[in-house]
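Chain lettering (A, B, C and D) follows the sequence in which the chains are written, and residue indices restart at 1 in each chain.
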């Protein structure tokens, strides 16, 4: 438990002192540790259910507690997988000769620490600090290298992130004023009925988090930031970072939404998500640059996540569970698939020496591996079987049908078709034959293997969805023995 | 894990693993690739034969595990599954041999054979799927794995056809998914069962079930090339000949037709579907597609396009047979699934041979080809005659069974459709046969190549001859045990008399 | 109405003004200042509202200290980015050069 | 068009103010007195410091503070990663003002003393690491403007060590607690005061360093492209 929080922070400080190459060796060691610790925590939760962990030995209202349950541990594991892949890829991909690249590792580790902080956080203010940790580390990663376009994207990102955080904090201030505690569990206990002021608080928090998650129409900052960053960074940002703020929003909604929400609110959030699916896919289809396509596809895929709100509000318990499982699968499969896609796109850009989609012509001759990874990741985004994306879509379809909200069925199906449109546009471009000349750069095997593994994970997720989801429904015991939690 | 669970998995894995191995192999290792291809094809044939033997003796091959809450992945071999699995296993072997010859010295072979194997794995999965969910899984996998084959040549035209193909099939997939998800929400996880699941279902649900049926058939109809949604098929002819052979004779169109059979018999149950009044419109649609495809085929100059429209027409025989609501008609439809596969693959092999050896793509360029390529032309002629329904070839058996079935259930108009269709078949096939044998060579062949002793490369020479032999044999020996006809009768017996 | 509540209401006003500034201004530094204004407003609300209940409460004070440090870090980073951006492009806002300076659409 | 935009934005902000004010009044009316302050008073003795705010910052909610310092380090790091000069020295900023130079000789020691006092005072009255660090940074800014040589401000190992030392010490203390069988970030009761003081000293140094680095990293007036001369 301590290791999970300590390792990334310690490695952040350590790698700051080293240059890129040494930092790389040290970081790879750190990744191994981190993966092992995550697995151990996952195993512990599998064995005896969730527990809460009081930091510093101070229990919840006074101190900060961590909540370790099935959902949190699933995300911790997901983070370990995706971040490790991105870190490995970055080690080969980034140009070690550029002096600023040494700052990649500390920022990377801080990002990881912040993510783990969010997954495990049960304290509203602590979540705010973790979010800021993530945002600043992400902005720093985008700006790394300091070119004008990157700076511009980083600044837009920073402004959006800050505004979002403040809106969230304002909501926290109201909640603290009302309840005198920051622990989400205690607030949930004390909240008896709906009060208008608390609705304002919830709206503020959701709005702030939606801005940070880039929900339509607040998505303007995402594509430049994700499109312009180096590929491993884009993969981290799209795969994990946007999920952090969504995760908090989802937790808030699932804990407090039943009393503070209203059908009107739930449906409008869902409608925004639906609009994001359609609009993001359309824009993705129109982009001339490969990474912009992938970035706009993130906007669309994030839209699906917000269907959680209508599908869990005022519905029967099993239906709500279906929707939650579907959304969790969507988060996982999108994280894996999008990371694979960005990494593969990075390889493709390396080898065609251009960022444009139409420069891909003929590349299927010589680079089937990265292209294949890209394609497999695309299968998951399109929601075709047996990918995790399909499993998620299936569960959401079932939830929409069972809750009688059939209009989301149309969104889910249309989203798949639109995703197919922009993914096949890339395939099409790459299958075009233009002579036999092989003037492509061939990236090393290690660069090509990583996105492949991620893509295969995303693809195979659908087949093992049941065991993955079974962790979510493990019981949560509030009384935890602190000493046992030492991992 | 017992052998009964292992065999269906193995049948899938042979081609799946072959695909993986081929993808990993470097482009230049041709010999290893050929070896892997042929070994996998032979192995699969053996496994399928074993399973067929087992199913005949009542062994239950099945394997399943839970994939999602409430949904399981399920493979199960019943008699109907083995019909389709057998067809694809046999034809995969010949198409592989043919494709090795056809693509000799062309680029991107690693990619081609990889996706080719994936395609067969999907077909096998479709055949062995034990419920609608698993069926859909492989159905979409088939869509994806055939796309790279259609656009294989990488020309503008091929890419356009590919886009068209993918729009149709993915669109169909979406409709199908909606139907399956809705059905699942209504009735839970439905394993395929010989009598269907809705015998005596709540009348309040009938409206919804009708709607779902329409969705399912519409989604499946796209791949089966049924009338309003057949547009992708003629365009997909830009693909290399082995792909056309596989797509049209085995994988894609048959997957659609097979799915329709599954839905009608094993999900809804034939009696229930009839009671809902769903079979009558289906029969009309099938009949219309039969005539429409034949009429359009007559107008085509390009040989492969003519064959494509012929496929559109022929596949609907299967659907017509199913929709006739009688055991004999069903036998005709099912046996046509197999017979048409053999005949059509022969025709495409021959068309590919003409294109590869003589550079001929158009019907009017074929004058006198019979003298230059007698064996291929004989094969073509026999297959064409079979298509028309000349006894004792394969096509005659199916048409006879279909006609008998129609009369037995009192659907006389279907017999008229069959006769009309045969006339039309003759009208677009016989001129080709005439040109092959009786017209003198008008002009030098556009792109002639020579291979030693045989009229064409050995890889290309033998497959059509073997399939021709098969189509003669299945017609002649239709009454013996283990012929496709008796197997189809076995299926129908099990379906109607569970 | 206690004085603590007054603080909270002043904080609310600052939030609104800051938000308007953030949305309407184009110059990056001004937007940054507007953001700081919102930040101050939020901190005022946080302390004021908690104070109102029963005398001084050290927890929100500590939270605000943390919040201030975070805000300073973010502001400093933003200033560095803005300066660097200005250095490279000579621009002080996100909008395209062709629009000229002055008003117009924001980011 | 612009006028409409202006109007709508102002209206929206006014609406926000009204809604928020209503919410604040509503909450103020409904607020329950929580037991948190009592709990805090009860636990203060065990925290190792007397001032409640410092106790919350560095003991009860030390995790927040740890992450907060992390945020500062990130900002400092990202700042110096963008700096394009080798030494971060900016000649244009040096003023040759002799009065400033003369005053410095008085101010700098006094400010250093003030920083030390603030740090020490944090244990029982308002003050503490951040305030002390800020004064330290201000001293640095003054020296910098006055043109005193500050060779250590360059993106070398020393600066990076300075950036991270406070954070690292904090983290080390946190993990030592965990290794000794307590929770992560728990201090052994007898040593809490001493440990907190150690952390505070290291933090003061680091915070001063980070803020100063951010100050000197920001102005970049040389005309080099970033690729040419960045970093050490």
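Simple rule for what comes next: contacts are C-beta pairs under 8 Å (C-beta built on N, C-alpha and C of every residue); 3 or more make two chains touch, one makes a residue touch a chain.
On a predicted model such as this, the values are computed, not experimentally measured, just so you know.
With centres taken as mean CA coordinates, the chain nearest to the overall protein centre is A. Look at where the CA atoms of chain A average out and do the same for chain C: the two points lie 27 Å apart.
Chain B and chain D have CA centres that are 71 Å apart. For the pair chain B and chain C, the distance between C-alpha centroids works out to 67 Å. Taking each chain's centre as the mean of its C-alpha atoms, chain A lies 43 Å from chain B. Among all residues of chain A, those that touch two or more other chains are 125, 129, 132, 136, 139-140, 143, 146-147, 151, 170, 174, 177, 180. Shared interface positions of chain B, i.e. residues touching 2 or more other chains, are not present. Within chain C, the positions touching two or more other chains are listed as 8, 15, 45, 49, 52-53, 57, 59, 63, 66, 70, 73-74, 77, 81, 84, 88.
Annotation, chain-chain contacts: A-B, A-C, A-D, C-D (touch as defined at the top). Per the touch definition, chain A reaches chain D in the complex via residues 1-2, 5-6, 9-10, 12-13, 16-17, 53-58, 61-64, 98-100, 102-103, 106-107, 110, 113-114, 117, 125-126, 129-130, 132-133, 136-137, 139-140, 143-147, 151, 170, 174, 177-181, 190, 195-198, 200-201, 482-483, 485-486.
Considering their complex, residues 2, 6, 9-10, 13-14, 16-17, 20-21, 24-25, 27-28, 31-34, 36-37, 40, 52-53, 55-57, 61, 64-65, 68-69, 71-72, 74-76, 78-79, 82, 130, 211, 214-215, 217-221, 226 of chain D touch chain C.
Contacts from chain A toward chain C in the complex involve residues 125, 128-129, 132, 135-136, 139-140, 143, 146-148, 151-152, 154-156, 158-159, 162-163, 166, 169-170, 172-174, 176-177, 180, 182, 220-221. Contact residues of chain D toward chain A in the complex are 19-20, 22-24, 26-28, 30-36, 39-40, 43, 59-64, 66-68, 70-71, 73-75, 77-78, 81-82, 84, 157, 160-161, 163-164, 167-168, 171, 174-175, 177-178, 181-187, 226-227, 230-232. Note for the complex: chain A touches chain B at residues 322, 325, 362, 364-365, 368, 372, 379, 382, 384-386, 390-391, 394-395, 397-398, 401-402, 409, 413, 416-417, 420, 424, 427-428, 431-433, 436, 462-466, 469.
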